[in-house]
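Down below are the structures I want you to see.
Next come two complexes built around chain A: one with chain B, the other with chain C.
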Partner chain A sequence: MTLELASVSYRYAGYARPALRDVSLRVDDGEIVGIVGANEAGKTTLCLVASGLAPASIGGRLLSGSVVADGQDLARIPVHGLAERVAIGFQDPATQLSGATGSVIEEVALGPLNLGMPGREALERAHEALDALNIGDLAERDPLRLSGGQGQLVVIAALLAMRPRHLVLDEPTAQLDPHGTRLVADALRRLAAVGTALLIAEHKTDLLDELCGRIAVLDGGALVGDGSAASVLEDPRLVDRGVAPPSRVTIRRAIEAAGAAP
Partner chain B sequence: MTTIAIEDLVFDYPDGTRAIDGLDLSIAAGERVAIVGQNGSGKSTLIRHLNGLLRPTVGRVLIDGQDIASQRVAHLAAVVGLAFQDPDRQIFAGRVDAEVAFGPRNLGLRDGALEAAVSDALDVVGLDGVRAAKPYDLGYSRRKLLGLASILAMGTPVVVLDEPTTGQDARGIDRVRSIVRSISTDRTVIAVSHDMDFVAAEFGRIVVMRSGRIILDGTPADVFAADSWQTLATTFLEPPRAAVAGVEAGVGATPTPEALATALRAAGRGASDTDATDGAVRT
Partner chain C sequence: MTARADAAEAAHREAAVQPGLEPEDAALVARLVPPVPSPYHRLNPLTKAAIATAGSLAAIVVGGYPVPLLVIVAALVSAEIAGLLGRLVRVTVAVGLALAISIVLVSTLTRAGETVLFVIGPFDVTAEGVDFAAQTLLKVFALSLSIGLFTLTTHPRALVADLERRGVSSRFAFVALATIEAVPAMVRRAGVIAEAQRARGLDSEGGVVARARGLLPLVGPVLISAVTEVEQRSLALEARAFSRPGRRDLLWAMPDRGAERALRWIVGGVLLAVVLGHLGGLV
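== the complex of A and B ==
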């Protein structure tokens, strides 16, 4: 279960400037790789390309390089075949909810049902996913009438229910409180433990610090760093790239700057 | 100068969910108040009562001593500016400057005064360079700053910000911090946030909510003091890591890295005595 981007460049239709430039990145099975970078550095584009959703051509070539999941080039797989290979969680939960279901439990079961799973089994999986995030009490709620944080948890539950082999997440905890963030982190760790390859774009470096083995840094669409989480997060250049270091690093630097010692 | 008083507020959503469960809160003119709590604790519901978007099921909201029950939202908009959590529920104009001009124009500003209000607000949020852009050509974080600018430009005595740092990168968070600091001190600023570092640094008062009630209310030093941690934990909140590091280092729950550094220096712990190590600030 590996996901590999090889020399990927991407430009959006109508734009000359590429949003991604020559990005090579590999996520192995059971690995959680974090992506950091300032806003508009290319994180969302990377997520869309890594999940095969960014169209390869519209009136001309937009994508160059290759995105390969388990040996299969995503560009050769029709869109309806992508969902069972690479799952993606969008930044805004409102854009992810189907709008076609009347309750959260139906919404979460929708993915497995669409993959052809029998109803009973899909429902079981959906309940399991809600329980994993401690939101079983939302099961009967209308998915379109949830708070921002609840919506985000429901979207993540829907992804968990698919048991994806590869999972790409674009700021999965942006709207979550610290407790929700922790529940998501635990669920993602369990997913990695059964072999899922995870790629997570996030601003919360405290979260990536505890979750990721490796972190890659994007700046202006190019990969400018890729290494162990500790080495990337300690790198003094991180701040210049618009990324806040985790608080343990910020605190240590503030102490050092004040000439004090703990 | 505008004061706010919320008395015995209860709010039930139409489906019967009780979102606010008997809440009293007074906010003086010019205060900087952050409201924190778990998702679903009633924070957003509470602030929607301040400009009449929601009306109490029980209880009263008083602005400058007047019950606002009989006041129209259009009137309250001149007093309380609310920047939504999701900017896309707020933005509708075709140009950035037109979006920002909408509010102050509705309040009667024209010509030079309107132009000045728009320019100042765009300048503060750093969008002066994209005045003519289409709002939806901007990324999410800049649309969020645009939502803030639209509220700031109205010059309302009360400014309410719902999750202003969500989706911002490091520079964006610095920008939001400087925006909060730039708001004149005769205007009240109320923010809902999950970002404990942000609220500890920029707000003089923190109100902690749980299940539609207030469980803690005080300065960052009070609310994040070690003897409050258990109460915070009941609503799954954690103090800023600087506070934890301060307690571990024996200088008290310092809410910000700067406060921690100052406290360590005051305690006579110069860098020359020992090297600053990761160990003591491990969290």
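== the complex of A and C ==
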């Protein structure tokens, strides 16, 4: 079971140039693949296309290629049917919470209820999702009064409750402090361990260094690198592409530049 | 709160939980039902809406003194039962004071009449003007007390859940609720943007002109951030199958007992009788 983008080119409505150009990428079950790139490199667009929301929900046009999840072309699935296959989370938890529920458990159960499940089953899924992220104790809290890290975990739990096979996250820790980032990182590692395929766009290369087996590099909408996390993050050209290497690489280079032994 | 009131509220919460849940989940959901501390709070949202609508319409359509006064007294008694008398009066006065002052001034100073009570400069204050002002004030306060009582005793989520249970589209119900709930978030965001603009030298203190000038650099960022937020929220909801057609199950909804349904018919009947009586010259 895989999520696969095959030679995908995508253009937003009203733009002459494509935001993604001939991107091919494959994420297998249990694999965590990171996406790095400068601002405007196309990371968010890649996430939207990989989840099927672009062009289905936000418009624009797939100029070529296809996005296939578990053998099914996402272009042939109605938008509400995508949720069970490829879930997508964004960077700001505040704008992803529905704002229409008074508790975390209701927020997490909202997706399964939207799918037409009876309340009993929706709550069962919500409990499972909260437990998977070790945040069962938040069940009765108001989702709008959580810390950033807790809020992002609730958002991820809400996505997990849809039981997607693939999870796409666009800068999930961008607004989180180190503690919140740690909470999310631990949760993602646990998800991968139970077979969820994860595609994560992030600026924090330290986090990707720790989490990902593979990292792809985007530049100007095109994939310019794809390899093991170690090889990609060690690549000296990364800085030229607007990506800061992880701390370990920066420190080692500084030591080498100073003439000391690493 | 007394033990009896606690028990009544607990029983109401349990009755709000939709059937079919596991016992543990039913207990959990019962705790999530918004607080309903008084018998008036515990009325079904539609019943409270019917009462507020009937009171407002009767006061406005019939006018005069008796009906609006009756509506005001009924609203105040209900507010006392709900433990909200002081709050309702404060809110009503705060909301209606400016309107009341303008009604009194315009009606008493400009309304022509035969019985001049006294003269203020170029204005004759007539008995007819005072009478009109008093009747209009009663209508305004009957209306604002009725709506205020409904608003203060009905949680938006309870109202929306009730509407959804009655067949209103979940999409409409969600948009209505999210809009209500978004207002405080937008106010918070506007505050953050105002702070950021002040940090960059925006002068928003001082006189009316300075404040008005200071508003301009805030409007753009607040509107743009609101639009961006709506776009992101709609994408996030799409990712959770929100656009799926058909009805969805609810975890809880305020109970609607037979007695309340009867009460709504009675309220509707009384409103109809009062209006017809008024049109026939009886009220």
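Assume the second predicted complex is superposed on the first by the 221 of 262 C-alpha atoms of A that agree within 3 Å, B and C clash if a C-alpha of one lies under 4 Å from a C-alpha of the other, contacts with A are read in each partner's own complex, and residues count from 1 in each chain.
One rule holds in what follows: contacts are C-beta pairs under 8 Å (C-beta built on N, C-alpha and C of every residue); 3 or more make two chains touch, one makes a residue touch a chain.
Only a predicted model underlies this, so the values are computations on that prediction, with no experimental measurement involved.
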Where does A:Leu159 make contact in the superposed view: on chain B (first), on chain C (second), on both, or on neither? second
Counting only touches as set out at the top, which of chain B and chain C does A:Asn114 meet: first, second, both, neither? second
Quick check for you: in the superposed arrangement, does A:Ala122 touch first (chain B), second (chain C), both or neither? second
Pick one for A:Gly149: touches chain B only (first), chain C only (second), both, or neither. first
Which superposed partner A:Ala244 touches (first chain B, second chain C, both, neither): first
Once the shared chain is lined up, is A:Ala254 touching chain B (first), chain C (second), both, or neither of them? first
Mind working out whether A:Ser9 is in touch with chain B, chain C, both or neither, as first, second, both or neither? neither
Pick one for A:Thr45: touches chain B only (first), chain C only (second), both, or neither. neither
Set intersection of chain A contacts, chain C complex versus chain B complex: 92, 94
Residue set of chain C touching chain A in the complex reads 18, 20-22, 25, 28-29, 31-32, 34, 157, 160, 170, 174, 177-178, 181-182, 185, 229, 232-233, 235-246, 248-251
Can you check the complex and tell me which residues of chain A touch chain B? 37-40, 91-92, 94, 145, 147-150, 171, 174-180, 203, 206, 239, 242-244, 247-248, 250-262
As the complex stands, chain A meets chain C at residues 48, 51, 53, 57-58, 79-84, 87-90, 92, 94-103, 105-106, 109-111, 113-120, 122-124, 139-140, 144, 155, 158-159, 162
Residue numbers of chain B touching chain A in their complex, please. 15, 37-40, 44, 85-86, 139-142, 163, 166-173, 194, 196-197, 236-238, 240-242, 245, 248-249, 257-258, 260-262, 264-265, 269-271, 273-278, 280-283
